[in-house]
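Two complexes follow with chain A in common, the first pairing it with chain B and the second with chain C.
Take a look at the complex of A and B:
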């Protein structure tokens, strides 16, 4: 089972790793809100936001190359979105509501890029400094709807097994299709996807039967091992004070 | 197509979050206890299958499968899409956390449109499957374009829609192949023999 790529840095030892997952969920979500609610085209707050992000990254010990890779994955959409504004301006300078001037044509896309990458890095920090199942437990504790909680917990358990299935079928596909034309290969991709789905469905039925025979009532036992400590309080106070301060120019 | 945080206006993202929470409440409540584990594992299957990349026009694209989710799950695709998008956002940073509501609305709309298309019986099954796959991508793409325009991006986004037309075409062909495979190997999975029953 190869699944280390999901939360491989969650086992590092740092101050941020030790924080309560509920505190991290709330703080990072509010930080994302603070950053993305900056007025478009206004770049004054970003040096401070990025300074805070760099400090968090350094404290978390997450390798910079990993964070950059995550940014790269998100890049096609972010760059496309930022490129839409100059495109709209160039196509119809008078018609578009924003940007209204040639100067803002460059500031607006830049602020979009800065906001989006800041949010991506904050989310990377959140998901890489905590084991994913503990984040899900944290969400449950924060009154995440039980239906979604159970679905998420099961989804997380079975992603690994189905991913193994995908790796096996991919290996089989590659070994059986050397030199095939693009069109016939397209059909094989479809068959592979359908096969994984059918096996997933069969497994879902087996799991459901096993769960029912063991008395499953529709909800998992809630994890009660979280305890808020002094460091959680101090971190959330400082973190939120800094982000709020920058956001409102205090 | 997964809208990242900071792209749309905060007001729009917050309003979409509120709407998607309402939709999740309505469609989540409809699900019976015994359906939830199956939905979770089907969400995992959709998530994993969407990781398969295949070559199109010199680049590599991956499946969205929102059309297929609509065919197989109907309105229950809404919580499944939410769960899959939450995972993609937290694990791979595909789409943002604040913009999760917008993404849920866009992708679920594609799934629900596919669900209604699938019910048009006189149309041959392979064509219906193609159209379901096609609308599963093109409906979210069009909604995204409208949201961009409402967020003050102008009309430039409509010029980029051709990319999504190609992706939707590829998804349509693959959906037709997947449905054809289901028909040949295990037709019970198709909605004529519902995997997830309606609440009585």
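Take a look at the complex of A and C:
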């Protein structure tokens, strides 16, 4: 079975991978806040943000193609959000042909595009440089509500279960479909989807029973504790200094 | 693969008049009575849909039915379930259901951590259990990259790390090759615990269990020494567990 989702490259061994998950969570979250809080239409900070992102990417050894694929997945939503702005300018009754208005028409959507892609890349970097369960443990340490952590962990596990069931039912379908299927594809896919969810529900219940029988009471206990190291302190200082420096034009 | 001896308390099980149904008017268990002694190897055999796995889930309070289930003299109910779960280890049929942590060692540590043991004790238990199950070197491996037999061993290790007084197996011999069945039989024989096995595979159950109960349509048909139950061909045939087909095939082959 193939099981690579959020944390596909989390087993790489780079400087960024070695950092404490709490440090990464705080730094990446603040970096996203710094980027998205840039004034509308102001593009001066973005070359620096993207330079920092490129440096982080290089340091993490995450393949660029993987990051670009993630961006591509988010693209429809980002482009749609950014594309509405020029339209709203053109269609608004007070739209004028003044140079400032024309600039706004293009700079605002461009800044939205740049902000959104920067956020997507930063979050991809975060999820690809740390195992998902360690990120959840990090959130737990940062006093994130435990129930949300457990829900996320179970949801993550449910993705694997659904994928397992999807692979099984797809194999069964293909093994009984020599050549072209005579039955409507949509009907087959509909039946398969229903079956996947039904079987997924049963498997999820079995997994939960197995967890309960080993004493699970709604909270994941931490096995390997976290310890902050010098590199964590240095990285967070440098990282936050650079991002706040760019954000506030220092 | 010989697990070390651990401190044992009473590993007895007493089930009295247990009834259970998932849906109204469709009882799965109908007045089950079983008494299992401390350190006994007890098998429950029966055809598919007889209610074997459902019965097993009552032993540590995953399911609650009418009637009473007592483990070591303590009645299993919502109040006692957390304590009972640390005493009754459950090895599920599908190891993939049991292995949900990212690495083998974290899966093995899951039970002891939930028991509230300290980090040093948990680490010690993980190390010991890995040695007992000959899984050294598997610590950092991801369970879904292991073979089915290895996953079965890891699933058993996750339970043994809790040092349970009772180990309950759900179809432990299914999908295993003969050498793995043999290994598992040795492990079961040496476990310092009461062992309950539910299975359709009569021969390995008879090989490791002193007593066997036959469950059919939610009722215990008979309980007795394994060799007696296995020889009762009429009884087995009535439960769709007839072995004579294997006899005739074996005679042809050998």
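Things to note:
Simple rule for what comes next: the second predicted complex is superposed on the first by the 211 of 250 C-alpha atoms of A that agree within 3 Å, B and C clash if a C-alpha of one lies under 4 Å from a C-alpha of the other, contacts with A are read in each partner's own complex, and residues count from 1 in each chain.
Keep in mind that, in the parts below, a residue touches a chain if its C-beta (ideal position, glycine included) is under 8 Å from a C-beta of that chain, and two chains touch if they have at least 3 such contacts.
Since the structure is predicted, the reported quantities are computational estimates derived from the model, not experimental observations.
In the superposition on chain A, contact is made by A:89 with chain B only, not with chain C. In the superposed model, A:211 makes contact with both chain B and chain C. Looking at the shared chain after the overlay, A:32 reaches chain B, while chain C stays out of its contact range. After overlaying the two complexes on the shared chain, residue contacts for A:203 are found with chain B and with chain C alike. More chain A residues lie in contact with B than with the other chain of the pair chain B and chain C.
Residue contacts after overlaying the shared chain place A:126 against chain B, while chain C stays out of touching range.
Contact with chain C, but none with chain B, is seen for A:225 once the two complexes are overlaid on the shared chain. Chain A residues in contact with chain B (one complex) as well as with chain C (other complex) are 132, 157, 203, 207, 211-212, 216-217. Within the complex formed with chain A, the residues of chain C that make contact are 57, 60, 62, 82, 85-86, 88-90, 92, 94, 96-98, 100-102, 105-106, 109-111, 113-115, 119, 122, 142, 144, 158-159, 162. For chain A in complex with chain C, the touching residues are 1, 3, 131-133, 157, 160, 164, 203, 206-207, 209-217, 221-225.
Chain contact summary for the complex, chain A toward chain B: residues 6-7, 29, 32-33, 35-37, 40, 70, 73-74, 77-78, 80-81, 84-89, 91-92, 95-98, 112, 114-116, 118-120, 123-124, 126-127, 132, 135, 145, 147-148, 150-159, 162-163, 165-166, 170, 182, 185-187, 189-198, 200-201, 203-205, 207-208, 211-212, 216-218.
Across the interface of their complex, chain A is touched by residues 1-7, 10, 13, 24-25, 28-29, 31, 33-34, 36-49, 51-52, 54-55, 63, 65, 68, 79-80, 82-84, 86-87, 89-94, 96-98, 148, 152-157, 159-160, 173-174, 176-178, 180-182, 185-186, 189, 195 of chain B.
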